[in-house]
Every structure is written in C-alpha cells, then in structure tokens.
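First the structure, then my questions, so here it is.
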Amino acid sequence: MSEKETLIEVKDLTVHYVLHSGTSEAVNHISLAMKKGETLGLVGETGAGKTTVALSIMGLLPVPPAQVKSGEIIFEGQDILKLSEKEKKKIRGNKISMIFQDPMTALNPIDRVGDQIAEGIMLHQSVSRKEAMQKACDIMEMVGIPAVRYSEYPHQFSGGMKQRIVIAMALVCNPELLIADEPTTALDVTIQAQVLDMINQLKKKLGTSILLITHDFGVVAEMCERVAVIYAGEIVEAGTLEQIFEFTSHPYTQGLFQSLPSLEDSKAKLIPIPGMMPDPADLPEGCKFADRCPVCEERCRKTLPPLAEMEPEHLVRCFRPLKAK
Amino acid sequence: MNQKRNKTLLRIREFFRLLFRKKITVLALAIFLVLVVMVLLAPVIAPYGYDDQDISRAFTSPCREFLFGTDKLGRDIFSRVLYGGRISLSIGIIATLIASAVGILLGAVSGYYGGWFDNVLMRLFDVLMSMPPILLAIAISASLGNGIMNAALAVIVTAIPMKARLARGQVLTIRSQEYMEAAIATNASTAQIIFRHVLPNILPVIIVQITLTVAGSITTVASLSYLGLGVQAPFPEWGAMLSAGRSYLKDYPYVILAPGIALLLTLFSLNVLGDGIRDALDPRLKD
Amino acid sequence: MARYIGKRVLTMIPVLIGVSLLIFLLLELAPGDAAQSILGDYASEESLNELREEMGLNDPLIVQYGRFMKDLLLKGDLGNSYQTGRPVLETILERYPMTILVAILAVIATALLGVTTGLLSAVKQYSWIDNICTVIGMIGVSSPSFFTGLILIFIFSGKLGWLPASGSYGPQYFILPIITMAFGSCASQMRMTRSAMLEVMRQDYIRTAKAKGQGDKKIVFHHELRNALVPIITVIGQQAGVLLGGAMIVEQIFSIPGVGKLMIDSIGTRDYPMVRGGVLFIALSFSVVNLLVDLAYSTVDPRIRSQLVHQSKKKKGASA
C-alpha cells in the first residue's frame, strides 16, 4: 500500500475561530496524508475539530470568524490554502467533493433533485444540458434511485434516499477525494448499513479516496484502511486499522473503545470516559486529555507530548502509551 | 411574591439594556420626547396663536421673528406646527389607545369563548379588512362628515380589526398551552385567567403594535386631512397644513417644509422606537 | 389546484356582500341624501320629496339594498352618477385601468427597490451599506406619501423642471408618483428580503451548493434568493393591497385620473353611487390581489404546491 502515490497532504494545519467572546482553537497543528484510493477515518467526538479539517480542505471555512493560522494542504502539487477563490472553485465538487451530515437539509428544497445533480456536471465539464441530465440519470441509477425520479423534489424522498442523492451529487464528477462528514449519523441503523455498503462499492468502482469523518468505530471498521483519532483539535493517535484496533495505544482511543457496546462480549460493562472535552477557547497547556486520563502524571499537565512513532505508520501522542506490537 | 417582583425588575432592566444598545433607538426616543415636550408646552413656547392672522405679513420667509416663516394669511408657521402637533399626537395616541382597548378586549373574549360570537365578529373583521385601511378610513369619514372627532373615529374603526385579530391569535396560542390547563385546574375564575395569565403574556406583542399603530394613526389622520376629509381650517393639523400649502409650493416651499418635517420626525421616531422595542422584547428577531 | 382556486373564490363572495352592505349603510349615514345632491341645496321640500319617492328613497333600507344588489348582480348595474347621470360602472371602468397601472408600476418599483437593497444589506450584513439602507428605508416609511410627493414635485418639477407635476399624458408623468409610492413602501420589502436571505444563507443546502464549486452569483440568485422568495412574495402581496389604497392618495397628489381621485372628488360632490362603486371595485381588486399572492406562493415552492394538490385530493376522496 505504501508504494501508492500520495493524494493529499495536510501539514501542520492550525485553524482558529476568532470571536468577540474569545478565540476558539479548533484545530491545532494537524498533519494528515492520504494515498490514492484509500479510505482514512477521522474519528473524534463532536467539537473535536473534524469538520473544521474537512472545511479547510474544501476551502469552505466561514471567514470570518475562521482564520488559518498555519499549515498547508498540498493537493496535486499545489497548496490549496493559497489558491485563488476561482481556482478553488475548479477543485470543489470536481476533484474534491463532500457529503454533509444531514441529508434532510443538504438539498435545495425548491430544485428538482436531478437538476441538483446535473448542476455539478454543468459547472465542471463542458457538456450540453442534455448530456448533463443524462449523466445525472446514470448516476442516480448507480446510487439506486430510478432515473424517472429526476423531476421530483427533495421533500418527496425519504432520509436514506436523500443521502443517496447527496452522494450522487458528490460523485457525479468522479472526484479524486470524497470527504464524507458523518454520512450516516442522521439515518436509521438499517439504512446506515445500506448506504455504507453503497459507498464502498462506488469507491471500488470509481477508485475514489475517501476521508471519512465519524465518531463511530463500527463505521470505521467497515470502511477504513487507516485511522486518525482527533481530540480537542489535535491528532492523538494514527495508524492502520489493525494498529488502532488491535494495538490501541492512546488512553483516549481506548476510552472510546470501552464506551462502545461490544457484540462479542455482551456482558462487558460499558466504561464511559469521565468528564468533558476541554473548551477549545480555553485549552490546557499540556496534554489536552490529561484531565480525563486514567494514567495521567505530572509531566502530562506541563508539556504536550509529541506525536511519536511507535512503529512504522503508528503514531501516538502520549508519554505513557498503553501497549505496542 | 417578592422574588417574582425581583424577577420582573430584572427583566425590565434587561429590556432597557437591549433597547438602548442601538444608538438610533436612543436618538428616536430623544426626538420623540423633545417633540412631546414642545407640543405640550405649545402655549408657552409658541410666539403667536395658531390663528393669529395678519395679511400684511403673508408669506414672510423664515427669519428671527417667524422661525419657519408665515403662511398665506400671515400666520406664524412655527406656532401652527406646535399647536398642530397637539392635534396629531393626541388623536394618534388616544385613537390608538381606544382602538387597542376595544380591539384587544373583543379579540381576547372572542378567542377565549369562541362560538357564534367569535364567528360573527371574525366575519365582520373579514369584511373590514377586505379593503385597504385608507379606503375604509376614507369611506367612514366621508359618511360621517369632516371634523376632528369623525377623523378620529375613522382611525379607530380602521385599527380595531388588526388589534382584535392579533389578540385573538395570541389567546388561542396561549389557551392551548399547558399552564392554562393548570390554571383552570386550580379553579381560577375567567377574569383571573384573562388578567393574570392571558394579558401579561400578550403584552409584549401588544406594546410593539401600539407604538407602530400610533404612527399609523397619525399618518391616517394627516392623510384624511390632506384629502380634505379630516381636520378643517382654521385648525392647524399637519396634513391640513400641507394640503393648504401645496398651491404655493413653487414659490414658498417653507410653507410645507415645517409641518412636513414635523410629521416625518414624529413618525420616524415612533417607527424606529417600535422596531427597537420589538428587537429588545424578542432577541430572536434581531435580524 | 383548480379546486383550491374555486374554494378561495367562493369564500370571497360573502366578504364582498358584506362590503357592499357596509358601504351601503355607511353612505346612508352621510349628510344629505341623493335627492338633495341632485337638485342642489336650494330645492323645495316638495320637489325633493317627489324625487325621493321616484327614486325609492322612502322605502325601508333593506328594500333599497335589495334593489341595489338585484341591479348589481342581474344587470351589472351600479346606478347612475348624481353629477353626470352616466352609469357608474362605465365611468369606473374608464378610470380603473389608470389605478391598476399606477398600482402595478408601484408594486414593481417597490419590489425592485426593496429586494435589491435587502439583498445588498444581507450580503453585506453590518456594513455601512446595510446601515444606510436601513435608515433610508425607515425615513421612507415615515414620510407620508403626500409629503414625499410634494417634495419631489418641488425639486424635480419646480426647481429642476425635469418632470411634470400633474396629469397623465405620457410615461414621464408616472415617474414621480411611482417613486413616491416605492419610497414609502420599499422598507418593509427590504427588511423582509434581508432577514429571509440571512435565514437562507445559514442553510445547509447553501453549503452543499458551495461544495459543488458553484459561483457566488449563482448561489445568491439561484439558490438563496429563490428560497427566500416565499416570505418576500408575502410582503409583496401585502404591499400590493396597501399600494392599491396608496394609489388613491397619490392620484390626488399628482392629479392622475384614476378611481381613487374619482372617489375623492365624488365625496366632495356627494356623488354617493360613484363612491359606493369605487369602494366596491377597490375592495374586489384587493381580494383578487390576495388570492393571486396565495397562488404565487405555490409556483415558487413545490412543497406548498403539493400540499394544495394533496388537500384537494383528500377533500375529493372524503366527499366521494
């Protein structure tokens, strides 16, 4: 896998939201790299900064209040953050596209769904309106919606169907990278599996890389080859699926696993992580997880542990990693 | 009980803090207060009576003696504008208060009891609201004849349906809420329920409406007078003054300027104030 | 859809009958009666009585009203003018297009002005443009049309001599009246546009459109403005009614021969059949405007459209 080309590289990204009431340090010195064709899971709690990373890649950060303090995002040899708005528009929806969390509100209520899919094709490809409509119909069939429903409006679809349309919209230009921000969180459990399955199939068919943002390790296990766990705007652990699942090293990652119900051992007690994530407007000095950590010691509160390599590809930000291979 | 009063005080303080946050609202309040004081003190401030004629000084341009000049009969426009303000403001305020009282009472009772009374009243209001308000006012004052009282009556009748509808809607909303059931369950009397529970809850909306209706009433009276249907000579109502001055517009524009600007300032301050109060009462409506 | 329109038209009928009764009774209260109005103030009591008997003015009110409604509904007859003796309907129909023209032009001007400034305010929220638009709009609402009109006449007709002050002999005659009306009513349009746009701009589907790489212009006009249209149209509809009333005053200011001026002149001459006809006509137009506004919603918003279709289908099923 490692011989594959790098598709996108986020280096040392720091994004703050500057508000009247204070500065919220949403993302701090995050680095990520994705290879072509792979699926990377970005896992963390609500407010950890996952969506901010996604919006930075899309160039859709709300400015103001958002400010990129440092870092670069290298895609096809260029730093996306330095591109002009016009150049960003050429990438958005074409080479990098995004699926948002809530399909109920992600579609324009007064446009026919087919037209909303065709909109992206017309923007990025020089095709006639008729060809764009034909392509939209094709991709609708591909995501499991009969093309005859082209002329219907979003309110005529169920939540799962809407998410299929959203996915069709994102994939219609055959992007290199698909960012999926909690794509199934708003859906019923039965529908979730269907939609995930479909994304997986489409990925194989189209060769798209996926950055999957989620808080659900079940989804990660099903979809991802590599995982990055993010806490309070920092990456605390990253590695292959196997490294993260079998050789969990960061206490926070372990806490996440322990707070999940397990299928194998239904008698195992759920252990919630005590406390709350620190306020991003008032982050502690040392390790951000120190207050909730079962193995925290003196130095954790004073100095931020570096993101150290436990073994090739497995990175952990902890002075006292739990176990190694 | 004491705690409840403290809470009310806090809410009032918070209301004023929100109200005065915007500079333009403070300005509007200042303008309105200055206007009210000047108009109240008209007999003291005005250098002349409102009908002191002297043809020999007709159409004097604004000068030290006649701040805003004189009209075709040589009457001091400044004095007339001051006295005119008494008519405009008092009709505006009194008509609004009467219309609000009647409208809210009718609306609240009709919403509370429903039934045939509600039905008849609402159909009547449908009819009254099926024409533009100014048309209704014109029709009423045409049939009653000219005069201050008739103009005021026209304004009142025009304003009642809106108030009643508003109160009725609010009552219906509040009725369906749970604390009403609780009140009924504790055997509170109807009057108690209306005064203790219904009215305090619809008050904020009503206060905003009243501010804006005062402005609307002043406009309607001025419009009627402008059309020759409201206040008649020699009374110095602002709309009537504009109407009388329009023939001399080209040569003596100051004849309409003073009453027009007085009208504009009054309405501007009331409208801005109404807006400010609405924003302060309901922070969700800020933008 | 047709069912819905039919239902709405049916509910208009009792309201209009109410209006006719109201205006009939109101004008009964008016000083002087028809006979006096026709024969003048110096007619003898004898000749007055004779005419009253002839016109049926001595009959009970309810009989008179019945006669009026019978003529109106069966013959489309609104009576004759006391002044000219011509049929009221004929005179009103002559003047009506002018009133409608003024009102429609005013609605268009108001909508253009209000929506543009509202859009600008929303896109540049909290900027100086936003503030200036708000304050000017507030001054507009606060300035009664007759004051605005007189000031405009003074400047553009009196001082600059660019535009005529009164009459209706060509397009240039309508410029000042239309500006007068639009200035007075564009503020509420602007405020509604602004808040509706700000609301839509926060929606997820706008982010979706941006994520597709859609350009700013298309996002503002295609995605945001069209979604904001429902509340905007509501206000346009309310404005249309108000402007119809406002047209009456503006016609008077600028001496435009419409129904409004006709009515106000007729009040002066106590030509009550004319006043009655005018009120009925304007009330009818007002109701029709409100109906059209409701229909306009459904063309913009597919959700409301399917709701209407759904409702009438359900009704059909229930009655079958």
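Letters A, B and C name the chains as they come in the text, with residue numbers starting at 1 for each one.
What we mean here is this: contacts are C-beta pairs under 8 Å (C-beta built on N, C-alpha and C of every residue); 3 or more make two chains touch, one makes a residue touch a chain.
If you're wondering where the values come from, they're calculated on a predicted model, not measured in any experiment.
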Open item on the list: Mean of the CA atoms for each chain, then the mean for all of them together: which chain is nearest?
Closed with: C
- [ ] Check A-C against B-C and say which one is joined by more contacting C-beta pairs.
- [x] B-C
Open item on the list: Rounded to a whole Å, what is the gap between the Cα centroids of chain A and chain B?
Closed with: 57
Task: Centre-to-centre distance between chain C and chain A (centres being mean Cα positions), rounded to whole Å - done: 54
- [ ] For chain B and chain C, let me know how many angstrom lie between their CA-based centres, rounded off.
- [x] 23
- [ ] Give every residue of chain B touching chain C within the complex, in rising order.
- [x] 24, 123-124, 126-128, 130-135, 138-140, 142-145, 215, 219, 222-223, 226-229, 239, 242-243, 245-246, 249-250, 253, 256, 260, 263-264, 267-268, 270-272, 275, 287
Open item on the list: Quick check on the complex: what are the chain C residues that touch chain A?
Closed with: 203-205, 207-215, 223, 226-227, 300-303, 306
Task: chain A residues within the chain C interface of the complex - done: 58, 60, 88-94, 97-98, 100, 102, 105-111, 119-120, 123-124, 153, 155-156, 166, 169-170
Open item on the list: If we count contacts the way the header does, which residues on chain C are in touch with chain B in the complex?
Closed with: 14-16, 18-19, 22-23, 26-31, 125, 135, 138-139, 141-147, 150-151, 153-154, 158, 194-195, 198, 241-242, 244-246, 248-249, 252, 263-264, 267-268, 275, 279, 282-283, 286-287
